[in-house]
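First the structure, in the form of structure tokens, and then the observations on it.
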Amino acid sequence: ELGQFTEDLNKPKTEYIKSFQYESRLIPSTWVVIRIDGCHFHRFSEVHEFEKPNDAQALNLMNSCAVGILEEFKDIVFSYGVSDEYSFVLKKESQLYERHASNIVSSVVSIFSSMYTVKWKEFFPDKEMKHPPYFDGRAVCYPSSEILRDYLAWRQVDCHINNQYNTCFWMLVKSGKSKSDAQNDLKGTQAQDKNKLLDRLCNVTDYYNTLPPMFRQGSSVYWDKEEKKMVNNDEGSVGKTRKIVAVKYCNIIDPSFWEEHPEILNEKINCRRVHT
Amino acid sequence: ELGQFTEDLNKPKTEYIKSFQYESRLIPSTWVVIRIDGCHFHRFSEVHEFEKPNDAQALNLMNSCAVGILEEFKDIVFSYGVSDEYSFVLKKESQLYERHASNIVSSVVSIFSSMYTVKWKEFFPDKEMKHPPYFDGRAVCYPSSEILRDYLAWRQVDCHINNQYNTCFWMLVKSGKSKSDAQNDLKGTQAQDKNKLLDRLCNVTDYYNTLPPMFRQGSSVYWDKEEKKMVNNDEGSVGKTRKIVAVKYCNIIDPSFWEEHPEILNEKINCRRVHT
Amino acid sequence: ELGQFTEDLNKPKTEYIKSFQYESRLIPSTWVVIRIDGCHFHRFSEVHEFEKPNDAQALNLMNSCAVGILEEFKDIVFSYGVSDEYSFVLKKESQLYERHASNIVSSVVSIFSSMYTVKWKEFFPDKEMKHPPYFDGRAVCYPSSEILRDYLAWRQVDCHINNQYNTCFWMLVKSGKSKSDAQNDLKGTQAQDKNKLLDRLCNVTDYYNTLPPMFRQGSSVYWDKEEKKMVNNDEGSVGKTRKIVAVKYCNIIDPSFWEEHPEILNEKINCRRVHT
Amino acid sequence: ELGQFTEDLNKPKTEYIKSFQYESRLIPSTWVVIRIDGCHFHRFSEVHEFEKPNDAQALNLMNSCAVGILEEFKDIVFSYGVSDEYSFVLKKESQLYERHASNIVSSVVSIFSSMYTVKWKEFFPDKEMKHPPYFDGRAVCYPSSEILRDYLAWRQVDCHINNQYNTCFWMLVKSGKSKSDAQNDLKGTQAQDKNKLLDRLCNVTDYYNTLPPMFRQGSSVYWDKEEKKMVNNDEGSVGKTRKIVAVKYCNIIDPSFWEEHPEILNEKINCRRVHT
């Protein structure tokens, strides 16, 4: 019964309707960061009783999803996560979805969301998911690896600042203060003040640095250069190497990380080009 | 240990890093369609042994997610789904996420993906999900309700054309033909030829129109005008009305659908403006 | 000697270089306004000793350029100018430069600038142009004729407000006040206050409305419906009609202007559609 | 009489009308090329009887306008012109118009057009300008100086290829061939063939390279490092240096040009960074 319309909806009309679509392409030869952030995750973390200030299992779940993303999209060379946010770095030359921003952002967000839901049971075997989580996403282009590394440094500094604040805040609340008193105590304090406060409350010297690195430095996920593995066979044991997606909690602000992992941003190529 | 960098990453530097972000806003006072499409769903449907040419449960799952989307985002006034695609219509005046395209598209795609995974068990109690599904998405602006309705008509015509072809194709395959023979048989056939072919293969007059409307017309999901419900109480029974999200399989090409549901696109307002 | 490179710059490399170009297309079926504004025109008007608050010849020159633009770009159906700004309205269906924003804006601005320079002598036969004028431009899409008319109304209201203020300001200055005293006198005054001030300073009742309509209402430039012209020939005189680009100083906020000129926005079509 | 509407057009409505405007910003830290091209210049050059295949005065006029552009916009560090096109390179860090694409493109095109018209008489004292010329423009971002130089190389190769073809074509036409015969003669010929053809027609060995460098290599316009000038004063003569905008006809494909002018793209900084 739709047949008649079918003839009405001729080719020019279909072309007209399609003409409203547009594609915004990410500029070629730039590093693309797809950044996703949890939507209403304050509520989500309360409903699911996440531990404060950091819930290790919730972070491990995020990291596991990030590993899945790197395995699915081979052009993603690095990712960095903290709290309910994750940044995925597409290599400069990537032609993923012909660099169409909508396609790239939406499919990364989509598979991340699916995985989060699928893997939930694995990380929270005793907790039922009460409502589906969701994330928003965006793409940003960075024209050089220096600026890309500045972006990542910014996220790690944010991780540090927020974590230090939140650790103090919840420590004060657990010590019996009201939330608003805790806020007032922290107003205007510097990094050093907060460290001293923690040392005093916990009676531990340099308490902050006893916290797990995942809380303090966030999670870096990338294809690790090589994993040596000994294999037993008839003729004895031999070394074998392969690439796996690693989750590490390291300082990515310091140049040494990038010097030790030149293959991530493929910086050798740049060096070579310079020497010729 | 990140503290030192923290001081280096002063406000101007942070502003500089943020300056690479950009926001593309959808033009105000236009109908926005967020269209999502399954990624690699051909493979996904094979792995999960969906029935061919249409799997009713897979479609019901899609529809259930669409209902969830309308309940979450009150500015979505209509949606239309077929196969692994769904189009969501945001009302013209919507200020959802200040009309930032990335936020709107990514959060709709994200919650749809989460729901699909969460609800899977409800629709496929006996099938394990073997890998997480994902969708891509995009936003398109339509400046008038006429053009919006042309867009929706285009999707419904596509549904019809694809369904008629697929019904014939799988009927031929089930009758013993190879896939390539089936393709050859259908090459160049018109709508009428296909209907006759179906009638002949099934020995039923007008077989195509005996198929479920969901297969032939796709699914329309919207807040239904009013649902009258009789309530028994001590004093007798009274009528009560409320709004619910309905899933219907109707002809949305014909103007009569829109005339009978003027509240969906709020066309009364337009009419009133004209008469003064 | 460039020949060798020519072979190096093969097709893939050329495609790569071209891939950095992008085209931003204006959304179809929307009214496009190209708005141009003089750059550093405050300085330009001082250097060339334009009369204050309005220089009739400078405005006539702007209007003459607008007429030239309408004659060159047939898809421009209306334009409105005030001071050193001009808004050009492209008809909704226009396919000018395939609706590429850059091409449309730059060519309108370019020809306007050329014409301004070429026509200068015609309007200022005794003044030498001391440095080349220039304009910036932008395109904005409006999805309905109501919103387009609201845009034009906004510009005309701005014209009115600015002109009333400037008329008072320069009247005070000419009466012997310093510029900063004049500013102070006007601070916080309403429209009525300003009218009374003018009446008092000039000793004329309702002085403001004795000013030329071009100053008070700005200039509207459009293809006038019909121009009747009597032609003398051997057999007597006959009426003849043709279209010309007219410059009028009328109230475009009031609906009556648009009702009397339905062909400008082609609103008959919309009306017809409504009545069926 | 507009007063009443003024009150209707309150702040929210004005904000609504303004909300349709959008700004597309060019990505920070990238080289921006503003490329302008003559519109209908084939016709313009015929009407004004430009010499074929190259009119030296027309090119000198273009170059003079380019010099004016560099003097007006200090962030433009280099420009390259050929025929009726010109490419202007904005330095990577430029904040001109806050990197708003529309503003940058339109004001460069506008002032170029004004200057072309103003300077016409200087270059064509005996020719009247018969209709105003105009140009379209666009902006493109290049993320590294390597890609920017590839872009410029592409334009210079195009100059060479077109000039070689046009020189042959007009030589054949001047020798008495029809235009279509000349086209046929040239179909499928390689660079070498064309050079031999020219040598034969002109009876000159290596004729092509006797042509003025401006025709063969296009025009490069940039702030020249230093101009030494001897000044006579009482105590003898001393050297003095200053920067001027130079017009040169040089090979910009070869790296030597950029090595000799490192200050143009400020490449010393990059080099230094590499060596540490």
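Each chain carries a letter (A, B, C and D) given by its place in the written order, and its residues are counted from 1.
Keep this in mind: contacts are C-beta pairs under 8 Å (C-beta built on N, C-alpha and C of every residue); 3 or more make two chains touch, one makes a residue touch a chain.
The model shown is predicted, which means the values in this text are computed figures rather than measured ones.
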Name whichever of A-B and B-C has more C-beta pairs touching across its two chains. A-B
Where the centre means the average of the CA atoms, what chain is farthest from chain B? D
Chain B to chain C: how many Å between their CA centres? 44
How many angstrom between the C-alpha centroids of chain D and chain B? 50
Approximate Å spacing (C-alpha centroids) for the pair chain A, chain B: 30
Tell me, which residues of chain C touch at least two other chains? 16, 20, 22, 27-29, 141, 147
Of chain A, residues touching chain D in the complex: 27-30, 141, 143-144, 147, 271, 274
Chain A residues within the chain C interface of the complex: 16, 19-20, 22, 25, 27-29
Hey, which residues of chain D end up touching chain C in the complex? 1-3, 5-6, 9, 13-14, 16-17, 20-22, 24, 36, 39, 68, 97, 101-103, 105-107, 109-118, 129, 132-142, 147, 150-151, 153-154, 156-157, 160-161, 191, 209, 216-217, 251, 253
